[in-house]
Structure formats: C-alpha cells, structure tokens
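First subunit A sits with subunit B, and in the next complex the same chain sits with subunit C.
And then the complex of A and B:
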C-alpha cells in the first residue's frame, strides 16, 4: 500500500463562462508515481475510467513500427490472473463499454461503467499494467487482425496512402513520419517478444496517468487507486523518450499518388510547425487561431477565397495539430472545382495565403477565437471529452494550469501574432504538397 | 447482476412541455454546462425525392443554412460563427432532421437563425450550385471506396424499384438533374410542423426555451405533403453480388430480414442482434471472425428500422484470399444461433449489458437530445426511456427464438462484396 500526496488542487469557477473556467478537478500522485486526475460530472450515474501511458508510436524501436499499436491489441489477451477475454466479459456483463487507442505520443485504455463498478475496472486495469501474459498462439491471429486493419484504413484507400507519403516526407528524421499502425512489412514481422519487451519498458505506474471522470468523489477514487494501482512498484527507467529532432527544413517537397480508383482529385499540404510543447512564446496559440481563421469552416479565409469568391475549389480548409510533444503539422486542403488542375489550384492557394495579412479583419479574428473558446465549453458537456482533454494534455506534458488557461491565452492572441506566425512557419521550405490524382 | 438495480430508473428526467402555439417539446433540464442542445426531425426525407432526382432532400437539408431571410450564405454563416452557434441539417431516408447547439447567452439569436433557415431559405443560385458541386465531389471521392461501393450496391439489391434502393446522397446524374424549382417545391412540401418532433436539453429556463421553439418552428405550415411510400420486404435473400475493385481487401455487406421499432418483437430482435454481432467484444461474430481467426478488424451487425422496411445487416472486411472462409463462418454462426438459440448464460449476459449500458447513451446534452428525438420519431412514447430496460429484462428465450425465426431464419442472406474475392462467385 502507498499513500498519496496531492499534487495540486484546482478549484476553478472562473469569472466568466468559457474564459478560464472549467470543471472542478482534483489531482494527486501515488507514491509509486501514478498520477491521478479526477473530473466530477454527476449528471448521470456513469463514470469514465481511463489509463494513459506516456508512450506512443513515436516511441516504437527502429524497424519495429506498429509495436505500440500491436501491444495495445495484445493488452486484451489476458494476464497471469485473468485469461484472455475475461476483462471484456466482465465489462460487458456490467453494462460497460471499453476500448483503447494508440497515438503518436500516448496509448490509452478506457471503460465506461456505472460508478459502483469503478473498483472492479481498476482491479482489472491495474492487473494488466503489470501482469500481462499471453501465449504464442494468440499472437498470429491478432497480427492478422492488425494487418486487416491496415488494409482497411490504408491499402484500399489512395487518399490515406497520400497522407502517409506526405507525413513520411514532412518528417525526414522524426518518427512522426511513420504511421501509428506501422508499415505493412514491419507489422508482418512483429513477434511476441517485441511486444513484451516494449511492454516491460513502458507499462508501469510511474509512466501512467489515471483519469476518472463522471459521477465520483475524489477521495473514493484515490482510495480505490491506492488499493489497486498502488500495489505496483515504480519502474524507475520507464518513460524515457529518446526521439531525434527534425533538422531545419530546406526543401519544399511535392509528392503525388496517382491511382486508377481516384475519381476526385485533392490538393493537400502540410507544414512543419511548433507544437504546444515546442513553441517558444505564444506561437502555438497564434497557430491555433491561424488554423481556425484560415481553415475552420465556411467562414474561413480559404473557403471564402477559393470556394465563395474565385470558385476554383468546391471545398477548402485547414487545421493545426497543436497537441504533440515534438514539432508537429499544420494542414491545408482544397478540392478543385470541375476543370481546375491541381497545379493551378496550388498557385491560387499560395496567393490566398499571401493575402491573409490584408484579409484577416478584426471580425474574422474574433470569430475564430470565439469558436475555439466555445469548443472548450462544449467539450465540458461530455465526460468522455473532458477525460480525453485532460488525459492527452498530461500525457504530452502540459500542466492542468495550461489547459485551464487555454481559453484566455487564445483570447489574448493579436492579429500581429497571427500574421507573424504565418510568415515564420507557413513557408514553402517547411512544406510538403500532395496531389491525389487519377492514374493509369 | 445490474439488471435489478437499474431496470426501474430512467437515464434522464424528461418532461413534455407545450409552446403557446401548441407544439410539444420534450425537455430535459440541465445546468451543468451553460449551453442548450436542440434536436428535431420531421417526417419525409429522401424517400420523398422526386423521381430521377435522388439526393434532392439531402441538397435541401444542406441548403437550409446556406442563406435565409435577409442574409446570403456568407452572412448567415458569419452570424452563426460569430457566436459559435452550431446549426446543421441532414436528410435520412424517412426524415429531415437537424440540431442546434448554442451557449445560453446566444440562444435568442440561435433560435432566430433556426427560424430563418427553416421558414425562409433563399436557395440562391450560387449556393445551389456550390452545394451541388460539393455533393458531386464527395460522390466522386467515394466512387471507388470499397465500403461506400458495397453499401450502395447493397441497398440497390435489397430494395429494387423502391426509394430506399437509391442512395440518400443521390448519384452524379440525379444530383445534376435537381433544379432550384425542385428544391423550392420540396421545401414547401416537407418542412412543416405537423409531424415535427423537437427535444431540448440544457440550461435555458423553460419559458425562454418555449418562446424560442415557437419562434423557430411556430410559423411553419401545418402539414407536410407526403407521397405514399410502400412497405417493402428485404429482397435478394440467397443471392451474392460482387463489385469488382482492384484492392487487396474485400468489403462485405450482408443482410437478412429485420423488424421495425414498433414491432412487438423488436426488443427480442435487438437482444438477438447483440448476441450475434452487436457492438461489444463479446458477440459471436466478433469472437469467431476476429478473435479466433484474425479474419477481420471490424465485424458486426445492426438492426436498421425504416418507416417501410427493416433489416438486420452486417459488415466486415477481409483480405481477398479469405473471403470464402469469412462468409462460411458468418453463415454458420448465423444458422447456429437461429437454430439453437442463445445459451441461457449468453442471453442473461446480453440483457445485463443492454440494461446496464443504456445510461451511457445519455451522458451529454447532445446525446440526450438525439436519443429523445429518435424515440419521438419512432412514436415510442415519452416514457420509453423509463420502460425500455424493463422491456429488455423481460425478454425470454422463447422471445429470442421467435425473433430469430422472423429474422435470421435459415441464414439465407443477401451478400454484397466489393473487391477481388478469391474463389467466390456471384450466386
């Protein structure tokens, strides 16, 4: 048994809805290093129980792409104490739902159950944190499942193939260029030992974050966590992430996927930009606002320029993936109107980007900020969304204070900051442009 | 297990309210977050598309927020965006529906924009052409997507000569044929308050809510003018169709007869479906197709209930070399379940799951509003969410066997495969 010591406590009914307010969150850390975040929402008798590990596909060993994701699948294959499928059967018989997901920077497991079953979920989840055990015979069929997953998502979809090629080209050195699911030929070679080696390296209480949202009391969660996760010894070496940094990019790159199945051409572009973790100063907030103003929906500058005004495209937009440990991507897409070639549309796109400093009015800026901030209020309506917001933030090393302050940080972004971010980061040499076209 | 604890409770407290003009609103008060979520639907969706103009109802739905009253599309969208009001419309086979989400402080503006969108859409020429071009682009984008191709073909085979056989989004040809006059006429026919269902969840006081609902819907015409649609059983049982696509993995859609929501055997069929291929890791198909054999990443079945048809249909995708094996497993599991019925333990666990998990569908305002709108549309009554768990808990083995004989029967399916399956021919 270990006793916990509170990390911090954030009571935060802010002055104004959506401006620095948020749920009443409690956090603490067990002696073995497990971090705990509790987010109360007592509207319905439901609780979301999530465990996040601070490792994702970007931590896959060289030549073993896909191992983080494959292990996520194998985590359902039983432990020394519980045979394969038992956990799932219990979840289901209790009327619960469960799943797991792997991202570049983290892997997470969750169940949603009635609050009285939280303790059982913790017993099972804590059990597989340290006691994973499965036979060789379950490995091959599960690898086939992952291969089918890859066929479904990528091998049958030229657009997904372009996406992979663009990421691989954008990140010339960093593992964000490798697909989360892994490359086909490397998945085929993944073995039981690879999965267990990876498991022993990363799965430990001091590399995990427990997030519980819903109809719970923080003290009750802490007690249950101590009785379950608290039993595990910390794993001093866990969580070291040794990732190469991207070199300064020099070359504007173009990639193209031509496939006979393509009936609708698409233009895509990625830029290498700082993330919320790597940005100096306020660049990450400026990029958030830029992404929304430039590409968020039918009032965005790109939609207005390319779809409403020039009618060179039937759709256009953009986004910024700010939540990442290392330098990340800013994306833009446009779907050409009939008879418009992608090369010509690309010129239009570059001209539209060049006009942003003139066209970004105060109204457009305010609209973008209002939408981004409202999204954080809307996300408070769902305990699953809240659990994901806080879990992912902690998994990439943001503080809860960062999350709480995010709306006011966004509110403070100025036009000058947005224009400066555009000039500094959306440069051709930082970009990969992708063409999806019909081919022979 | 949990059944005894939760069969009598309701996942949300729903009250029926009436507006001054006589509209009924199902309301759940919740002040946890300063927002209000509205969901609504009105009878008459894509099944009302004029002949040769499949996709018209969906174009209509997409055009409602593309300019209304004094605002052109851009001005309308700017008004929404400036207050982060989320408004959207969609068309299904039997209904046009929509949803509105707004911060409480902007609720009056939100209701006013909703009113304009429903009552005074402009159908400006440039907006019509833009939505047409977007629809055609998305049809082309999916033209050779194995999942989209298989689904489209499945509906064509399942409901030949019936509106349900045509895709809700139409085809390139039919979307090209829709005129502005068609859209204006369809709007006049379909957007009415006569068979409207509205639900509201959130932190808006009832008085303001009702005034807003009346403002938004109160002035709509009384009754929709609906063309009769005939009932149709699922066609093509026992046939297998292949759409050739040069891809390494085949997508498979398969279906048998289903039961409609209001059928007395619907709940037993729902329990049966959960055991066969419902959305948990425990279903027979998940266990046999995925866990034991690694044949597919995703496999499952669901009940589709329309106004004039119903089916139990399923999906999976496996590499071309294993399609035959995969179909064998699915067919034999379906036949075995139909002939032998579920085990006692299986039935008990399925009911426990369905009873216990019902509350999970009610944990956000948006989800509650949509669940209630669906229940209202199916005319199941405002007390359905209170009664539903007891109905599930009461299902007997005999009920499930009866539902199985009416749906799975002898496991003769309509099967559509998109890909290049090895050793599998049409039949």
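And then the complex of A and C:
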C-alpha cells in the first residue's frame, strides 16, 4: 500500500521548544487509515514505539466487561508467524523494554529500544495487529492470571472496593462506572471467541495511532510503517464506539465500605464533571486549575485547611481526570486525624469547599497554574511520557494543537472561571461520597 | 399455518378451584411459536384478550432507553391496514376497554370486550404484531407526549427522582437501574428508525404469549388464533435478551434528594435480592413472606415497631418484587413523625430489622402467609388480574405449575427460612438507603 498524505506539520522545523509550543511533530496517515505521529527527541539514543487503539474498557460489549484488558493480555500469546513469547524475548534480547496498558478509552502497546531496532518492533507489532492466533488452551490459564490480578488488587482490598462502588454510583449509565479489569463474574465468563470477536472489531490500522518518539526521521518512520502496518486493510466503522450519556444527576450519594482489614479510615468524594472533550467553553481548563488549587499537594487549599490549619486530617487532596472522551470525575479525599469521625470530616470538607471563593487568592491561582504547566513540561523530559501525552490525546480525539495550546489555555484561566466551575460542577447532586471504615 | 401441539393441560376438567389448584387452564403453541394460554372464567359475559411480548425496558438497546415504552405508544399509531386510532375506536364502540403497559421484563396489550367480539380483537392485535406502519410526522408529537409524561411524573416530583437515583445505585450494571420510561436525554433522541428496528426485533409470534380469559372454549380460541396470529412467520432468536448480571455488591450506599417541593420527608431502602427466577432453593418464597411479615400493612413488624409502639414514624412498610427475570429489589420505607430526623429513624429501622428473629412469632408468620395467599386468591376474582398473573408469569419464564404451586410453596415457608433470608439478603452491603428531605 502506498503512503497517504501528511495530516499536518505542526511547527516549522527549528521552532523553539517552550511553553505553548512543544516539539516539532510530524503526522501522517497511511492509506489504510493508520495515523502516525512522529516526535523528534534526540537527547538519548533510544526510540519509543507505541501503538494506540481507539478502544478501551468503556467499549467492552455489555456483559463482557474486562474483554479489552483480557485481550491486551492475549496479545502476548503469539500470532500466525510468531509463537507466544517470541516478541517479548526479542525485545529483552535487544536490551529493550516493553509494556501494554488498558484504560477506559484506549489500549496501548509500547517498546523502547535502540533506534536501529525500530523496524523490527514495527514488524512484530504490525504482525499482531492482524495476525493474532492462540490456542484454546492458553485462554483459561491467562484468564486465571487476570482473575488473580483482580483478586489481589480488588477483592482483598477494601479501598479498591470502595473505589469501584463509588465509580459505579457516579456513573449510573455510562461504562466508566465499570472497572477496567471487568467485574469478577464477567471475567470468569470470557471465552476465546469473545476475545477474537473483539479483536476483529477493533484491531485495525484505521482504529490505531502509531506514535514514534526518538532519534528518528519522519520519512524513515513512514517508510517502515508502510512496509509493516501498511500491509493491513482497513475495516472502517467496524469499531465505532457506542457510549451512552449519563442522565442529569439528581441525588447526592454516599457509599460506605466497612471491613476489618481497614487500617486507616478515608473520606473520598467524586463529582461528575465535563472532560476536555465534553466541556463547553473553557470549563475543562478551569477544572484543571481548580483541581490543582484545591488539592495539588501540600500548598493546596484543602491541605492547608484540613491538615495544616485545623489538623482535622493527616492528608487531603484532589484531582481532575480531564483526559476522557465522555463526562468524567473530579475527586477529592481526606484522611482523618485520630479521633476524627468521617461525618465530621465531611462537614469540614464542605466548609473548605465553601471557602474557596474567598481563599483562592490571585497568588494561589498563579501557583496552581504554574504547577500544572510545569508538570506538563517535566513530562516532556521523558521520551516515553512525551509519546504518551500525544498518543493519549489523539486516542481520545484531541488534536495535537489542543495539546500544544494547553499550557497557554491553562495560563489564561481566571479566578472567576474557577469559582464558576466550582459552583456549577461541584454540587452535592453531582457527587458520590465514600467512607472507608474499619468494621465488620 | 396449521396448529401446533398442546403444551399442557394443567388440570383435568372439572377440578375444584381452591388453594394450590387454580383454574383449569389450557395452553397451546402455534407452529409459528405463539404461546396461547386460555383461562376459563364464566362468571361474567366478558372476555379478556392480552398479548404479552417477552421484552421490556430492560431490553432497551444501550443508549436507547425508553424505546420499549415509546414503541408501546406507537403501537396505537396505525398499521398498513388500519389507520391510527381505528382499533381504539372499535374497542370503544363495542363498549370495551383497552390498555397497554411496559414493564422491565415485558410489554403487554389488552382489551376487554363481550365474548362475541374476541375474533375482532385478535384480528386487530395480530395485525399490529407485524403490520405496524406510521409516518415520520407522528413520531415527534408522540415523543413529546412521552417527554411530557416523564416531566410530569419524574422531573417535577422529587420522590420519583429519589426512586430513580436509588434504583440506579442499586443496579450498577443491570438495566433494572434504568427507568422504564427511559432517561430524558435518551428519550429525546429516539427516532422512528429506532422504534421500527426494535419492533422488528421483538414483535413476533414466537416472542409473544396470547392470554385469553373469559367465557370461551379453548378450541375456539385456538381456531381464531390460527386464523389471525397464525399468519405471521416466526423470527426465532432475533429478539434474544442480553442481560448482564450484577457484580457482588460490596458497599452500603446512601442517596439523598433535597428539594424545596418536598412536603414530607421519607426514608427508603432497597436491597438487591434474588427474584423468583434467580433464587436458589426456596429463598424467593422466604423473601415473599419476609416482605409481608415486615412490611405488609398495619399489623406488620415495621408498622408495629415504628408507628404503633415507638411512634417514631407515621407510616412504615416493605415489599418484595419477586416477579422478575433477574436479581430484583426488596424495599422498606418509613415516614418520620414530626421532629424525627431521617438519620435517627434509620437507626430505628435497623434496630427493628435486628429484632425480626425475636419478634417474628409463629403467629405473625402464619398471618403473613395467609395474607399473601389471600391476595393471590382475591386477584383471581378479577378476570383481568387472573390473565395478568398468568401472562406475567409466562413472560418472565415461570411455568403455569409455578403459579399453581405458589400458594402451597408459600404455606410451607418456615421461620428459619425467613430468618435465614433476612440474614443473607438484607445486608448493608446489598443496600441503598434513600433520604427525601425538604431543602435547597
């Protein structure tokens, strides 16, 4: 298959990196629909090769929760051309690293190797994009691995159980309320045919994004991509995502997990808020700044209020999961000091939220914005997080321009916008509050 | 199409009606799969004609909540042979009555007319089983009717909002958590094509049950059914239901709706429990008796405890929705007396539940069973509820024998079974508690 046309060339060569600009990225699309993002990084003699599929756990078919993650495991079980484990062995023999991860909105596979091995990685990764082949007998043991993973992470951890119960209460309709790993009883029912059906539906060049970061030339990457991924035919809308929208929330919810294993009580809260993709106007930027000002570390308003000043908590913080296709979560938490009951701490937390309009000084606002932007700049120091930032953005449908403009969009957030976002989105009826307590 | 074979003849003709026996029902299945249930009732010169489809709101496709109910409305909008309203006009002109209803597990249509008009009803009902035809222009106004219905019933009623929020919290995965009428924003998006796709999927003789009760002969009903419904081809597994199962609940949940319109605070609680279809052993019968003993009217344990003895509440009760394909709800509620806070009342309620093993005397148990059985016997006094009992049972997959045996199964419930069901199913982690309060 011959090459498609470049999608964009985001900067003139030689542009300075810095706030609001970012690296000199080249993007292409192959004729079969594969999107390619090449991010130059000549600091180290290493290349990061990632393939992102535009499907995650929120695209698991009804009753088959966990299939995206299970398939991620099965992707290491061999193809028609390469037996199970060969790819991993080659990566390891080359001194490379590899990994894979499944999120709500995407699944990604990556390897980090010396630049001269990039072609070999692409050969292997392209091969398993369409040639996955494994026997029935690998399915049950691998499912047991996943079940054990779930047992370890969730079934024996009351905190994880609270997290799952809170997400399930926050998202009453949307699949973000279903754990990425899947519900235990549905994982148990996952079969080889489910995995292959899902694979055929979503694993295709036109549902994927290839991100290559490192000491490489865009033209060279394109040529290699054509020779490898370019062999596969597209299958168009086969993988279209069907995502129901949440109904308008009406009721404040509380969720309580009591377990003898709990050593430390915790208060958690989630709010249903817009994401970077669903926000109208600048709400998503305002929520980013609010999250950081409220809960980003020991200078944040919650920490100062609940830990330093009133000493009602030993830790407190908050965060905003802005990167999501659909409406998403804004979280806050507090760990009570000794003798402080969660109900009382919850009242303190509500009072702290009510004081934000008074306490959010221009100075605090600027510091929050600076921290947020700095985190992004730091993340670009690591080649793999650079690749991850751009890959995840494209996987949820953000443009490279969105990523590039993000620091200046954050910089422009005003106090009024933050206070308005707080008032509009952090309402009791949009919330789920969680109590983790020691108990029977 | 010629007739199929009788499925069963549940009793010898002339059997005595009474507890544990029931009417002398005849069932057949036409060759196209239509199930027919004929229930003799010669007390009044009236016949009840019902068609039950084995699909309800819990079978609405993802993102199309409300479609089962919307289609129920559209079923009155005419067919290729009869314009909109003609069927209703005929029923009315014959002095008959008609209605339709959508539930979680089924949708049903019924008419009550003089026996000589049964054939005409079957002609019309069979016609709209396959010949539904309406123009685009009826869709939007009918959707507005449904939206207005939702606005009236839910959007302006805080109690209904609490009910929806509680169900959504109880069922984190299963569609019983979605309102039958649908979520507002999804009703708004329902189109003619959605309704017709859904209609073609589910409205078929092999997905339906015809129930005829009245002064009729089984043979005559069969002949009429063959001439009408018998014309339609089956379409087999097209309508197969896909129902995800709930994960094991782990967290006690609380849901709170505060609204200035609330005149009377209310405490509600739901538990996720097995239904008549999912219960292992006799749990469903035990839950029936528990529901009645706990909350069935002014002699029930909750009423006695909370209203008569402690005077903490002005009303209290409970119920069990045993008739469901999948795991279902057990509900209790209490309306606080003046000056009694819901949190305090909730503690009272928990104490009352904890006392059940002590307070459930053999006498109270027997009274509960007698009331339950009497309700069923009374319901058989009405021809239409008789038809409804058998139709709904068959629609969720219970056998006629299950219905017939129900009174003796209830009669056999022991105190140990009730106490065991209480301990196993009415656990905090299986519950959602709702507070309806006056507030901002």
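The criterion applied here is as follows: the second predicted complex is superposed on the first by the 431 of 440 C-alpha atoms of A that agree within 3 Å, B and C clash if a C-alpha of one lies under 4 Å from a C-alpha of the other, contacts with A are read in each partner's own complex, and residues count from 1 in each chain.
Assume contacts are C-beta pairs under 8 Å (C-beta built on N, C-alpha and C of every residue); 3 or more make two chains touch, one makes a residue touch a chain.
Just so we're clear, the structure is a prediction, and the values are computed from it rather than from any experiment.
In the superposition on chain A, A:254 contacts subunit C only, with no contact to subunit B. In the superposition on chain A, A:100 contacts neither subunit B nor subunit C. Judged by the touch definition given at the top, the superposed model places A:335 against subunit B, while subunit C stays out of reach. When the two structures are aligned on the shared chain, A:178 is found in touch with subunit C, with no touch to subunit B. Contacts of A:420 after superposition on the shared chain: neither subunit B nor subunit C is touched. Contact with neither subunit B nor subunit C is seen for A:321 once the two complexes are overlaid on the shared chain. Within the superposed three-chain model, A:307 lies in touch with subunit B and out of touch with subunit C [touch as defined at top].
Within the superposed three-chain model, A:196 lies out of touch with both subunit B and subunit C [touch as defined at top]. Look at A:437: by the touch rule set out above, it reaches neither subunit B nor subunit C. Taking subunit B and subunit C in turn and counting the residues of subunit A each one touches, the greater count comes from B.
Shared contact residues of subunit A with subunit B and subunit C: none. Contacts from subunit B toward subunit A in the complex involve residues 1-2, 5-6, 11-12, 30, 32-35, 37, 73-74, 77-78, 81-84, 86, 101, 103, 105, 130, 133-134, 137-138, 140-141, 143-146, 245-249, 251, 280-282, 290-298, 317-319, 349, 352-360, 362-367, 419. For subunit A in complex with subunit B, the residues that touch the partner chain are 17-18, 41, 43-46, 76, 85, 88-89, 92-98, 112-114, 140-149, 151-152, 155-157, 159, 214, 260-264, 266, 297-299, 304, 307-308, 311, 314-315, 335, 337-338, 363, 366-367, 370-371, 373-375, 377-378, 380-385. Subunit C makes touch with subunit A in their complex at residues 62-63, 65, 161-162, 164-166, 168-169, 172-173, 177-178, 183-186, 242-245, 247-258, 428-429, 434.
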